[in-house]
């Protein structure tokens, strides 16, 4: 079946479904988003675009940003990064502090909040202006310089981010944060506030399907080995304590955010992004997971 | 590069390497195995065999047996199985009891010991003679009726298996074991004692690379959906607290055992088994992991 | 106020109170006991007895037996005991396994089940006939040779004791059990099955109020230092995760059992036992705790 | 033996002992204190003073301050306090965060750091000027208005207090902190910085030995019930994960601080303070604990 035919069918199948779950409400900006928003965008390695619904509308990418910051940190500091953060799935929720206590402040992986904060600290150490550097990276891989932070979202995250303040102070008590707590959190809350559309996310994630380079480009953003690492980490750790379920239902490496976005990668084939704000009890987009399950079932194409 | 050429190169690369790590010694039969044993066998979906070293010699498959019992249980009881065991990776060691306390006796996944004991209980409930049923299953997928239990190994496991006795009693205290503790453990210790060679393991695992059927056969052992589930579980949970590292280094679903064996699957391409007894600190074959990493690197063929 | 007057007042105050809570029901023999049973018995160091209600009726002492086995083990092996079991309160429930995982199989204290099982193992190692030795000890301190095990209770405990089977196997996996699992549990289930009355318990506990000796006796069962240790352990660990609350409400060292009994000690003054089967949510006799609170309030006599 | 004779003997016994252990060094001001400092001061309910060594020299009371803030909070808000903090011992270290995760942000007791931070928050809510109110309380019970904060110590604590920043943010994420994180920590770091001598501490703690009132005074600072509560909490929770050992060795309710001070109470008899900076591995004054053990042994007077 053609990819666009598959997407059309997915759109149709879910058009009458009332999205179950609840829109994230811990900050006002997320709570305001209409729960009926629904879009999907696939970008394949031949450069074709397939899409439906609200695929051009930007939303808060939240934890999906962790993929970008990790890529940038891997590129900049290489394997030294793994002295400060692990690569194993955690059985705990994304914002748990307990695991750190047993492991002397080394987060289990870069996709739980603790790990993402260490990655943020690495970038704050490396760049004079880490926020500008992150945007420059996104502008380059998407070719769209209008992607930016949502300052209102960032400010709201900061106002309610006690758990993240706790995590970064706790990490610092173990010596695993080099910079000021405030600087690390300022960067982290900004990275989470980035707004992108499904289309832009699919285009940005194509590098993980295309051996680290953009299509029709000589420029290698990540080495083949680094891409393998990125995909392995998305596969085993990209969905908090629902990584196994996503692996099983969808069978692709991917990353979700509480804004209702999910991006997934089929190496050598395509990157795909889906957006539907209502979240299941584990904090992942309910409709987004269902749509991706249909995609790999209808195309007969998961990594398994 | 041809598969056999790749295997030859791997054999050559590691021929002068002193295998680091320690052979499992908690039972005498495992401790007796020469640490220098080394073999690898690949079986592709066109029916070709590639191999080197001690690939025809049988060894104790130990936890690799969990893949066979899970397949059998999924086939027999279907999705009801997931009411009694989860599908998410655990951040804890394979024989941890702590997680059960928080989750009311539901093991995080079928590949930690607690989960495998629940799966064993399911088979003990289902079959009049579960040990015979397991062997029949193995005989059918390998075509080799000489595969059997090693009673000496099974007896040794039982004599030293206090942790497993603890686990199954603990599970029963939560009501998640239906049968007598002794019957469940007798089955479990026998499944771990099965002896198979790399060649036989590769042939048995071809069903996970071939949509659930043997090559040149109409007979479907598992449905496509069940195979997807098996591969997802091997990917995220097959290597205890080294699942992420294996995913990243090798990039294939797989399962290891403390006998030094590892089997991995490249869906639609091949199944491959490797054997080298010395284990790394996480309990996985050190040389086995290295050999598989070379395999996917040299073939340029991981799932990522 | 005279002690008997105090006891009379307590009896009167609670005579119209419907005992809240639930009688322990995990074994049939405990479930059968009428919830309205209520008795209290005080024995002071001048040899006077004060009592009311069902204070002469025997009931299942359950975990109160841990005080007797610990006393016997301290007497026999001395301070070496503390290499195998700790003396610190545990924040966990009485039958938790998690703590052992972090502490390499050393139970936090002798009054959680894991600790009591280690103490049982010590006695099984020390005595040729540990069950007879325990009864002999009780016969000697109470002067009553009719105290014995309730074999029906012991058999029921065994039939339902999966958590304890789990604990002892787990301890053995850490090397902290010397004997056969079955032998240790047989002893443990028997010690819990002992039947004694409030009167007998108060008389047995007088040694902890009287520097380790019976009244009017030269015979020292425990040294002064050992008695201090016993009282300190009852104070900090005698009520599972309600030790702090008991300390605060009652202010005396004590020990409870799920049979509804509680024994407490006012050093240099008296030992007192109370019995009322309905348990509060933490597993301690609800009325028993209230009665002891009234006792120390009315007498103005807690250790604090 | 006369109390002064006992103190003289303790001084003599330990005069040639090299204090083992290490002086707290996480902030410069504590590290500077000479390890050889050693003093002890007893104040009995007849108003007599007994002492030796450096008993008039002020030192940083650190966690001993938690007794004062808890007393003040109990006095001000009564039993509502126990909705926000528990009364049970914790098996975890004093600055653990893990327990909070299981108990929804309710600290196990007021003497672990998390609990003391909640108590601090209560006082910050209650008083317009909580720091002044705390000093006023201390000035009143000691009659010495020169007791104050050490601003250098408070500033150092703040500079290194990442674990406490983590704790209070974590508590706030559960809704168990009402005020600004900064205000709560400012108060907390100041309370820890208070300097008092053994003499002043013994005089301040006499209220816990004298039913809540100063000697020769009508003024009740705490009710009899509140004093019972204070002593029970010191008994079961005053020494972090060494509460059981202190109970057993010393047998008195007490509280230690990392400045090397320990204060203990023998209800109806005396309060006693000891100071020796080197700490044992659990963070309590090594010599201080030994001196108090000798005190209760030589006087034959523990609560047990």
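We just call them A, B, C and D in the order they show up, numbering each chain from 1.
Keep this in mind: a contact is a pair of C-beta atoms (placed from the backbone, for glycine too) under 8 Å apart; a residue touches a chain by one contact, two chains touch by 3 or more.
Note that this is a predicted model, so its numbers are computed, not measured.
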*For subunit B, which other chain has the most distant CA centre?*
D
*asked:* Can you work out the whole-Å distance between the CA centroids of subunit A and subunit C?
replied: 55
*Just how far, in Å, is the C-alpha centre of subunit D from the one of subunit A?*
47
*Express in whole angstrom the distance between the two chain centres, defined as the mean CA positions of subunit A and subunit B.*
32
*Residues of subunit A whose C-beta touches two or more other chains*: none
*Which pairs of chains touch each other?*
A-B, A-D, B-C, C-D
*Taking the complex as given, what residues does subunit A use to touch subunit B?*
86-92, 99, 108-109, 227-229, 231-233, 235-237, 241-245, 247-248, 251, 253, 267, 302-304
*Within their complex, state which residues of subunit A touch subunit D.*
96-98, 101, 162-163, 165-167, 169-170, 172-173, 181
